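Chain lettering (A, B and C) follows the sequence in which the chains are written, and residue indices restart at 1 in each chain.
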Amino acid sequence: MNGQLPDGAMDVHSLPGGAKAALEAVLMVLDQPATEEELAAGLDLTVDAVRALLAELEREYSGYTVKAPDVETASVAGFGSTPRGFELRNIAGGWRIYSRADFADIVGKYVLEGQTARLTQAALETLAVIAYRQPVSRARVSAIRGVNVDSVVRTLAQRGLIEDAGTDPESGAILYRTTSYFLERMGISSVADLPHLSPHLPGLEGIAEFYDADRM
Amino acid sequence: MAESKPGFEVRLANFTGPFDLLLGLIAKHQLDITEVAIATVTDEFIKYIRKLQKLGEEWALDEASEFLVIAATLLDLKAARLLPAGEVEDDEDIALLEARDLLFARLLQYKAFKHVAGLLGETLHQEGRRFPRQVALEEHFAAMLPELVWKHTPKQFAALAEAALRPKAPQPTAVGLAHLHGSNVSVKEQAEIMGLRLQQESPLTFRALISDADSTLVVVARFLALLELFRDKAVSFDQLSPLADLAVHWTAGTGDWSADNLSEEYEEHL
Amino acid sequence: MNGQLPDGAMDVHSLPGGAKAALEAVLMVLDQPATEEELAAGLDLTVDAVRALLAELEREYSGYTVKAPDVETASVAGFGSTPRGFELRNIAGGWRIYSRADFADIVGKYVLEGQTARLTQAALETLAVIAYRQPVSRARVSAIRGVNVDSVVRTLAQRGLIEDAGTDPESGAILYRTTSYFLERMGISSVADLPHLSPHLPGLEGIAEFYDADRM
């Protein structure tokens, strides 16, 4: 059953590390916690199989060498007896990998180092574009600013100044809008209170969305 | 990428095979560029592109633009090659040989970049199969971040937005025409002006024809217009000695020629 | 030496999993590649120690059980012989965790944005010229490619693959160079790791100097 079909026909067991490694690969890059059902759907496994694999990974990361006889895995080598620096946690029904709580002080110190309390010029300009053109996708902000804004958008979201506003029905791209924290910092009560811009500035109509068009 | 497609094949009296191979042979000096009938290559290529278009192949444009670059270079190369060279005797000959090698170097360079572009594309694709872990900061860490220093008034913020949203003035481009847009000069218009003038008085020197030009741009446009007129056999030139005044004769009958004949490429304003 | 002092007095070796797990914990919160120096400073370790630990983790994740006798670790249990679903890679001068390429089809279902849009042939060629000739003006790229590259350059900048590198002192033209995001996307450490151009120049032996001399 080796994938003629583009999706879904992938047999996770045939890959190196098997279903467990595939699950791990997904968990490592997931930003939002995923439910067992979501994981099962993407991996083409039953919810029970996913649940067993999650339990196994959770134990492995905590430093227990496990044998899970009821789970069919290509090889259950497991981890050693030392806990890893990360852990798998189930929070509000969703699973995600986090840095292990034991290391919170070290990680916290690392995170704080090099952090500034000021937004960069690039971040400010990006925020301004989002504020005046919301809801707007990153691709459009990039098109307006002429540079890639991915990391700046992440910083702004982390700072609580912007948030996810659903997806664009056409392109499927995530849209962003400013938050109430942003209004608070600006000292205004709604985005309608933002000063008006010159009416001659272009709106979004003229901006090609390069992710969609994909022709260059 | 269209690596597996059959590609364009050339059929000439002395060579039949893929276009790339033809270039390779010229590169290795195993085929003399002067023996390649570029017109034939071009005809064949146009046929090939038409066929692709009919099949709705989307890379026809890519391939056509590539062909244009290569064909233009081949043409330059051939022109350089056909000029009498013989023994390398003086600086001019050496300059000619250098020009030839430079042209060839340009062609090879283009091919090399095309090739590595394929490699880059392949690498980007392969690397795209790995996803970096870039998750949002865990909440307890995010809460540790220092409070944001915010000093912008709504007015200042609006000014920022104005600046960011204002369309950026386009930079002068490779062809360098963007800076000419200030004054609109049309080759067609200039052809008309000169046509009328030459029909009243012929011959006129080029110097006289541009004596009232108020900018370099007008001079350029008139020069281009003259080339067009010459091609349409509306004018002829004579020049007694190199760098002497160029005399322009009106050769078309009155009313036989109109600026509407000018080719489309010059209808645009410079 | 258990932290009276808020910072710096933390001994990473005293924690479960030791320095290696602490390093792993930090790797979990990175949102961009971190250099060995940054990691060393954050963990209060020497750069050499961090380098050795990174190498060890890299091997562990790839499924090799390791013993690193020159590294002092609380316990070198190592991983089993199965590759994990993720890998540790040194890219663009920094280290970062990636999902393993084998699982791209599965992980791709969860990661919505980015990565997907492929570059056109025109964009790739322009990118190649900029990568090998940087810093370079659009005019020079156009001269090599024989076509106007303005819109392609704009799109490459919007995608974050190239950026403004100041202006040419003589012509005043904007110069472009590739970004570290380009290196990340290419999976290389620096532009020096790009494949050499010369093998792709057939019959060039005699005229190689033209490329270096940069005259066209």
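Here is the rule we go by: contacts are C-beta pairs under 8 Å (C-beta built on N, C-alpha and C of every residue); 3 or more make two chains touch, one makes a residue touch a chain.
For clarity, every value in this text was computed on a predicted model and none was experimentally measured.
Put simply, the chain farthest from chain B by mean CA position is A.
By number of C-beta pairs in contact, chains A-C lead all other pairings. When every chain is reduced to the mean of its C-alpha atoms, the one closest to the centre of the whole protein set is C.
Note on chain placement: the centre of chain B and the centre of chain C lie 36 Å apart, centres being C-alpha means. With each centre defined as the average position of its C-alpha atoms, the distance from chain A to chain B rounds to 44 Å. Put simply, the C-alpha centre of chain A and that of chain C have 20 angstrom between them.
Those residues of chain B in touch with two or more other chains are numbered 131-135, 137-138, 141.
Looking at chain A, one finds that residues 28-30, 98-99, 107, 111, 146, 154 touch two or more other chains.
The residues of chain A lying in touch with chain B in their complex are 28-31, 96, 98-99, 104, 107-108, 111-112, 115-119, 124-126, 128-129, 131-133, 144-146, 154, 157-159, 161, 185-188, 193-198, 201-202. Of all the residues in chain C, the ones that touch chain A in their complex are 3, 7-8, 10, 12, 15-18, 20-29, 31-32, 38, 41-43, 63, 74-86, 97-100, 102-103, 105-107, 109-114, 117-120, 122-123, 151-152, 154-161, 163, 179, 181. By the touch rule above, chain B contacts chain A in their complex via residues 131-138, 140-142, 144-150, 152-155, 157-158, 160-168. Contacts from chain B toward chain C in the complex involve residues 1, 24, 27-29, 59, 62, 65, 68-69, 72-73, 101-102, 104-106, 108-121, 123-135, 137-138, 141, 170-176.
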